[in-house]
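Here come two complexes built around subunit A, the first alongside subunit B, the second alongside subunit C.
Let's look at the complex of A and B:
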C-alpha cells in the first residue's frame, strides 16, 4: 500500500510540473460552470431568437451525460500521458519489478485516478446537472462515465508507444464516447448497430429516461476493459 | 541463492529456453555469456519474476519466481542496459522516489552519488546526463535498497574505458560487501575479470558452465612464444607444459640470448568459439 500511495503522489507531483496536464485537471470545474450557467442562458437567447418553446432543453440529459464522462476522461487522459512518458523512459517495466509491482502500478496509474474522478463527478454532478436525476442516476451515471474513461485510457496506452502517438489515439478513442449521441439522433432499429459501445446504452438511458439501461452500459464497459487490461499488462511485462 | 531446474520458456510455439539447470551461491558473481538473442536477457527476466509463464523451477532467495509477491523485490536490485530514470527529474529526485518504494532503510543517496562521482550533478536533470553518467546513476539506483541479489544487464555496454573501469570496480566492491551478482554480458573481458563462474548460452541452452579459468585451462595449455636475434629476429613457440623439453629455449636461456618471451592463454572468446562454433558478438 505504501508503494502504491507514493507512486500516486509521485504522479501528482509530475502533473504539477506539466502545465498541459495541470490545465486538464481544471477542465471539469470550468466545464461544469459553463454547462450549469451558460447553457440555460444560451437556451433563453435561442428561444427568443428562433421563437420555439425549447431548443437545447431536450438535450440537457445528454449534456449531463457528457459531464459525467468529462472529468473521468480528463483524469484518465492525464494518467495515460504519464504512463506513455514512463514508457518512453522505460520506467513502467522497471516499476513493475519494485515493491510496487504490476498490479500496484495499474492501481496507482489507472484505478486511483479513475476512482478520484468518480468521487469528484458524484459530488459535482448534483451542483452542475441540468436535469432532475434520481439517486440511482447520480450513482450510476458517473460510474458509466468512469468506466468509459478507463476504456479510453487503456486504448491510448495499449495502442500507442509514445506521447505523440498517444495524442492521436486519444482523438480516435474518444469516438467510443460519442455512442451516447446515437439514441438522440438516429431513430429506429438501425441505432442498435452501435450497441456494442457502452456509451450507446448510457445515451439510451438518458434519452428514454430509463435508468435500467445503465447496468447494461456498465457490464459492456467491463467486457471492453478486460481484454484491454490484459493487453496492457502484457505490454509492460 | 538461486536454483534453476529443468527451466524452459517460450514466447511462441518454438522453445526459446530449453531445459536449463544451474545454481548460484551466495556472494558469487555469475555471468551469462552469449551472443545477442541467445536467451540471456529472457533468463534474467524469468529470474526477476517478469516472465512467470515458464516451465520447470526457478527459485530465487527461497521464492519460486512465478509465485513471487511484491516483497520479493526488497532483496533484488536490477540494472537494465538502458536508462530507467525519469528524464525530466533530477538525479536526486529520481533516487528519492525509487528508494521510497521500499520498506528497507535506503542507503544514503549522497554516499552513492559520491561513490560514482555524480555528487556535483545530483541536481541536474537526468535528460541532460551523458550516457556514462546515466549508466552510473542507473547502477546506484539498483543499490538504493541494499539488495542481496544484483542483476546487471550489460553494465559496461557503451561506456568509455574510464567509466567501464569505474563500473567494474563498483561491481567488485559490491561483491566484497557480500552481494550475489548476476551479470548478463557479451563482453568476454568483463566476464573473465568479474565472474566467479560463467554459463555460455546459445539458442536458449547452456553449452558450458564453469569458472573462466577452468574453461580456459580445459582447452589445452597456454603457449609460450619467444624470440631471439641471430642474423635477424627469429621466433618460436612451444606448449607451456612441455617447456622444459624445448632444447632451443633452454640453450637461449643458458646463453642469455632471449630477445622476448611471453605466454599466451586462449581467451574466453576463443573458448566460446571452440565450444559453440559462434562468436560472442
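Let's look at the complex of A and C:
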C-alpha cells in the first residue's frame, strides 16, 4: 500500500512539474461552467440567429454525457502519457520488480486517477448538468465515463511501443468515445452496427432517456477492459 | 541530395510508426462522416476536417517525434553531421505535408470541393504553419504532457477564429488574420494579395524562429553545450 501511495505521489510530482496538474484540476470546473452557463447562452443566440425553436437543446443530454467523460479521459490520458514516457525510459520494468509490482503499478497509474476522476465528476455533475437526471444517472453516467476513459488509456499504452505510436493510437482510441454521437445522428437499425462500443449505449441512454441502457454500457466496457488489462500486464512483465 | 534523404527517412519513420495506416483509417472515417451529412454541409465540414486534422497533424505529432528523437539521442548526431537546421525542418515539414495533401485531396474530392488546387495550396500552407509551431514548442519541452498543454492555446487561437470565419461569424478585418486566410484557401475561396503577403510574413517569421530553436536544441544536446 505504501509503495502504491509513493508511486502515485511520484506521478503527481511529475505532472505538477509540467503544470498539467493545475490544468487537470481546473478543467472539470472550467468545462462545467462553460457547459452550464455558456451553452444555454449560446442556445439563445443561435435561436435568434437561425430562427428555430431549439438548436442545441435536443443535445443537452449528450453534452452532460461528454462532461461525464471529460475529466476521467483527461486524468487517464495524462497517466497514459506518463506510462509511455516511463516505457521509453525503461522505468516501468524496474518499478514492476520492486515491492510495487505489476498490480501496484497499474493501480497507481490507472486505477487511482480514474477513481479520483469518478468522484470529482459525481460531485460536480449535479451542479453543472443541463438535464434533469435521476440519482441512478448521477451515479451511473460518471461510471460509464470513467470506464470509457480507462479503455482509452489502456488502448494507448497497450497498442503502442513508444510515445510516437502512442500519439497515433490516441487519435484512434478517442474515436471510441464518439460512439455516443451515433444514436443522436444516425437513425434506424444501421446505428446498431456500432453497438459494440460502450459509448454507444451511454449515448442511447441519454437520447432515449432510458437509464436501463447504462448497465449495458458498463458491462460492455468491462468486457473491453479485461483483455486490454491482461495484454498490458503481459507487456510490462 | 541531403534534403531528399532527410525527407525519405522521415517518411520511412512515419510509415514505421503507423502514420500512413492511421491516416488511412481516419480518411475512411471522415469519408463516412461526409457521406452521412446533408450535401449542403459537405464543403464546410470537409474544410473543417482538412484544416483541423491533416493540415494540423504537425502540431499534434511534432512533440512526440522530437521527444522520441531526443530519447534516442538523434539531436546529438544531427549536431555533428553536415545537416543544417533548415534542412532538418524542411525534411519534417515536407514529409508531413505529403500525408496532409493526399488526405486533403481525397476529402475535397469526396465533398465535391469547387477548386482543388486552392484547397491543396491552403492545406500545404496551413500544414507548414502548424508543423513549424509544433517544432518550436517541441524543442522547448521535456515531456508529452508538457507538449499537449502548450499546444492547447495554439489550438484555440488557430482553430476557433478559423472555424468562425468559415461561417462568416467573425468581423471583416479578421480575414487578414493569416490562419483565416489559410481556412479561406482550404475552403476553396479566393484570397487577396495582401492576405497572402501577411501569411507569407507569418511563415517567414515562424521559419526563422523554428531554425533558431532547433539550433539551440542541438547545441544543448545531451545536457551539455556544444
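Rule of thumb we're sticking to: the second predicted complex is superposed on the first by the 231 of 237 C-alpha atoms of A that agree within 3 Å, B and C clash if a C-alpha of one lies under 4 Å from a C-alpha of the other, contacts with A are read in each partner's own complex, and residues count from 1 in each chain.
To be clear about the criterion, a contact is a pair of C-beta atoms (placed from the backbone, for glycine too) under 8 Å apart; a residue touches a chain by one contact, two chains touch by 3 or more.
If you're wondering where the values come from, they're calculated on a predicted model, not measured in any experiment.
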Is A:163 touching the first partner subunit B, the second partner subunit C, both, or neither of them? second
So, A:97: does it touch subunit B (first), subunit C (second), both, or neither? first
Touch test for A:10: subunit B only (first), subunit C only (second), both, or neither? first
If we overlay the two complexes on their shared chain A, which of subunit B and subunit C does A:172 touch? Say first, second, both or neither. second
Is A:89 contacted by the first partner subunit B, the second partner subunit C, both or neither? both
With the two structures laid over each other on chain A, which partner does A:26 touch: subunit B (first), subunit C (second), both, or neither? neither
May I ask you to decide whether A:186 touches subunit B, subunit C, both, or neither, giving the answer as first, second, both or neither? second
Answer with first, second, both or neither: which of subunit B and subunit C does A:237 touch in the superposed model? first
On the A-aligned overlay, A:219 touches which partner chain: subunit B = first, subunit C = second, or both, or neither? neither
Taking the two structures together, which residues of subunit A meet both subunit B and subunit C? 14, 85, 88-89
Tell me, which parts of subunit A touch subunit B in their complex? 2-3, 6-7, 10, 14, 17, 85-86, 88-91, 93-101, 104, 237
Please output the residues of subunit A touching subunit C within their complex, sorted ascending. 14-15, 18-20, 23, 78, 81-82, 84-85, 88-89, 162-169, 171-172, 175, 185-186
Inside the complex, what are the residues of subunit B that reach subunit A? 48-51, 70-71, 73-74, 76, 78, 80, 82-88, 97-98, 100-103
Subunit C residues touching subunit A - in the complex, by the definition given at the top: 17-19, 22, 25-26, 29, 36, 60-61, 63-65, 67-68, 71, 143-146, 148-149, 152
